[in-house]
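For reference, chains read A, B, C and D in written order, and residue numbers begin at 1 within each chain.
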Amino acid sequence: MKKLINTPGTLLTDALTGFAAAHPALDVDVRRRIVTRAPTPGRVSLVSGGGSGHEPLHAGFVGPGMLHAACPGEVFTSPVPGQIHAATTAVSGGAGVLHVVKNYTGDVLNFALAAELADDDGIEIATVIVDDDVAVEDSTHTAGRRGTGATVLVEKIAGAAAENGEKLAVVAEIATEVNARSRSYGVALRAGTVPAVGTPGFTLAEDEMEWGIGIHGEPGRRRGPIAPARDIAAGALDAIAADMPLEGEVLVLVNGMGGTPLMELYVMFAEVTAWLEARGVRVARSLVGDYVTSLDMTGCSITVMRLTGTLRDLWDAPVETPALRWGR
Amino acid sequence: MKKLINTPGTLLTDALTGFAAAHPALDVDVRRRIVTRAPTPGRVSLVSGGGSGHEPLHAGFVGPGMLHAACPGEVFTSPVPGQIHAATTAVSGGAGVLHVVKNYTGDVLNFALAAELADDDGIEIATVIVDDDVAVEDSTHTAGRRGTGATVLVEKIAGAAAENGEKLAVVAEIATEVNARSRSYGVALRAGTVPAVGTPGFTLAEDEMEWGIGIHGEPGRRRGPIAPARDIAAGALDAIAADMPLEGEVLVLVNGMGGTPLMELYVMFAEVTAWLEARGVRVARSLVGDYVTSLDMTGCSITVMRLTGTLRDLWDAPVETPALRWGR
Amino acid sequence: MMDAARTRAWLTAAARLINANSGHLTALDTAIGDGDHGLNLRRGFEAVTAEATGDTPGAVLKAAGNALIDATGGASGPLYGTFFRRAAKALGDAPEVDDAVFAQALAAGLAGVQTLGGAAEGDKTMVDALAPAVTAFAAGGDAAAAAANGRDATESMTARKGRASYLGERSIGHIDPGAASAALLFQALCSVTTD
Amino acid sequence: MMDAARTRAWLTAAARLINANSGHLTALDTAIGDGDHGLNLRRGFEAVTAEATGDTPGAVLKAAGNALIDATGGASGPLYGTFFRRAAKALGDAPEVDDAVFAQALAAGLAGVQTLGGAAEGDKTMVDALAPAVTAFAAGGDAAAAAANGRDATESMTARKGRASYLGERSIGHIDPGAASAALLFQALCSVTTD
């Protein structure tokens, strides 16, 4: 295993220490593992979290216009209820807190327990479960679709709604709408390695790739010969379009899995755009880069969200976080 | 070789096509391979360029507050004079153009020929050669120190000076000062693979790392057993401090080489900060992420710049490019 | 008969077994999950060892459940935490309970896991080891063997809950990590009750 | 005697050799450079083949130099481009030149490379093949063999120019890619002059 770390056991603490030093505008409690910013009294706050290893998700999205708090768990392990509750309490502004939760059993259960704790303290909680991954085909016989790239879109857009002063129910509704209008599909060329394990989650031959991967090093739906960017884009978009008819204006996220160079992501984005525009779908907004990663996995995921005018305006609203920044 | 590409021969065109689609605010001439934005009449413009494979460098730094044009060459190959000249002509605002050139023979020669062409056209050119890499120890018996991480700092800070309306000589002087106050050192855990070649630039055993690497897949100064993040930071900073006494306030860039997850870069940044602060050096500004990459190389480089008040203000000035964005 | 000391002995034996088999549990989870089950439970049971004290079996199990929920994370933390907390609730504050009462408490724990996680037997989860073990314990049979059989039976199952469910039929041929850890819990329980 | 046709024959022979040996040149550059020399020169000489036309040796070489500068990139593009442009300048617009004049033109080309790149013999660059070849050509000797010897001599040298210089002593034991391509140029030249 080759990694720029001290020891697997100190990885999360070390990374949070670095994150704190790099982003002095945020409050980082390294011991309790929560990253927060001051809430605005009377406004809804957003808390998200999940296992580490997906950086910049979630701590990189804390800041004006997006999240108020993030609680990173151990690598690929959901945070614990007490930690989530501490984050929730720290950023509660009195108008309720939205929990943005990716649909993994561990995340769902731990956030549910944290919501109970918040309820005990009289903090109103709404929860949005993100489950955009169409690679999980049969969601009635599984834990349900995984939450992947759409998480960034939910956090950005719901964050903008909260910034606009919307009530908790409205912010939650918008978050739910973003998730409902988004679909993702991912591929890997090489699996990531959990530092404490030391070997890759799965092994591919030099001429193989994995289709339909998640973001936790789990293998995907099927293995195949390595394909050109054009075919990968088509395969992913076919799966997405089979699940949600694509039309009108869309937002596209081409997301790197952590070990993929930006140049290749632009190649993928060119192919995704060409595929969509050839079918009369307009790519009105886009994001290309590493946003929801899986340690050092090589590969990418493609997320498509069908836009509305309101969602586009909320997307365009100013945001100022370590990993996402625009507007003035 | 595992890459998200169509063919090595179309890589650059495909990536530029994707870049153009993702960043509609910039003008991208895919055929001529130049990325430009409109110059401000009467103001100095900045042009940079070099081989591809270092993304987001340079095209990702075109935008208000930074570069006016970038001209990417083939992978690891400098652009050609005609291309550089086309970029220079496109963004000339009448007050002269600064060429920001990394110190590689190919880049230096091709930019020099382009400067002659500009001279023929009556465009005043100043050139700053960036050569911050202390891993090249003996610069009298080599092509001189390589230009690496400091390129981002030069482009950002000189870009801010140009935006402020400074004259060409002043912008060039500031660019030179940034370079003079900056030092870098890089390490690799795994070499990158030039797509048209198909095999890594060098091969390391599973327990080896390379010290003192450049950004073109060339091996470094020495090979050693893989080391903890703390020792890597100390090794790099020792080399930097031996060359330029570190004191006062510094800006630190911990830069990923393309295949390194952000989480590990934060670990490195924590160690770099701890090393510096233990020696009374204050990390006043920082940047952690992929800025000057080397295809899919795994590893990082560390750049330290000694700040002055003026340089810090220019660093803080607004910038709005695909890869660097802040201020309002 | 279970008292506070024996309950605690169960948990420390379990912690030792989890610790000794942590690499194996993680390897199982690497095959069909995300490669952290052994790491999670080792962390969780370290907290159990440190915090699960009390004067009654119920108090010990409640502290254990809270420690697991606080320290484990993942799916297994809340599930095992709930198992112990529900069992604790069923035991109330009796200083000593006989095996029949303890068996009922284990059944209550299992019910809690199933309510929270929604898994039935055959879904290839910890439930497939817990359920037969709880039944065997109630019947005075070999709960450890029942749990181990339940664990082994998961190998041929298709996962329908948890991360392994994403693999669909590709999960066949692998033992479920949670079923394997559940078998360790009952191995530990039998090591302190059969003497 | 060199006229426009034979000059062009030289360049197309060179382009064929470069193309055939492109992988080898790239492999040499992977060892001590950045792995693109063969790719660069193949691209450059494709442009030469397409564009290097003219009525005189000087016109052909000037067009070749311009094509190399326009299409190659890297260090080798401007250096080889300058080699041909300076040689062209020395030839002027004579429709035919004898070998002595052509030898002077090659020497002017070499001088141009050394002025631009600042490399001396022994620095482990293309100059180590070009210089002995130019000398041999002037003396009526075997320029191709001289270039090949010069190329082989770079193996034991420490690089002091170009990317290979970053390796310091680690560059020893590898042939310089530019010296190898220079040897191909003189191999091509001899194939059209010795008949």
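The definition used in the following text is that a residue touches a chain if its C-beta (ideal position, glycine included) is under 8 Å from a C-beta of that chain, and two chains touch if they have at least 3 such contacts.
The shown structure was predicted, so the numbers you read here are calculated from the model rather than taken from an experiment.
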**Fill in**
Contact partition of the other chains, chain A left out, is B, D | C
**Item:** Euclidean distance of C-alpha centroids - chain C vs chain D, Å
**Value:** 74
**Message:** Just the number, please: Cα centre separation of chain A and chain C in whole Å.
**Reply:** 31
**Request:** Would you kindly tell me how far, in whole Å, the mean C-alpha position of chain B lies from that of chain A?
**Result:** 29
**For chain A, residues contacting two or more additional chains** = none
**Request:** Send over the residues of chain D in touch with two or more other chains.
**Result:** none
**Fill in**
So the touching chain pairs work out to A-B, A-C, B-D
**Prompt:** Which chain A residues qualify as touching chain B in the complex?
**Reply:** 1-7, 11, 14-19, 21-22, 52-53, 55-56, 60, 189-190, 206, 209, 226, 228-230, 232, 258-271, 273, 283, 286, 288, 290, 293, 295-296, 298-300, 325-326, 328
**Asked** Can you list the residues on chain D that touch chain B in the complex?
**Response** 26, 30, 32-36, 39-40, 43, 69-79, 116-117, 158-163, 165-168, 170
**Request:** Please give the residue numbers of chain B that touch chain D in the complex, ascending.
**Result:** 51, 73-82, 104-106, 109-110, 112-113, 135-138, 141-143, 146, 194, 196-197, 199, 201, 214, 216-219, 221
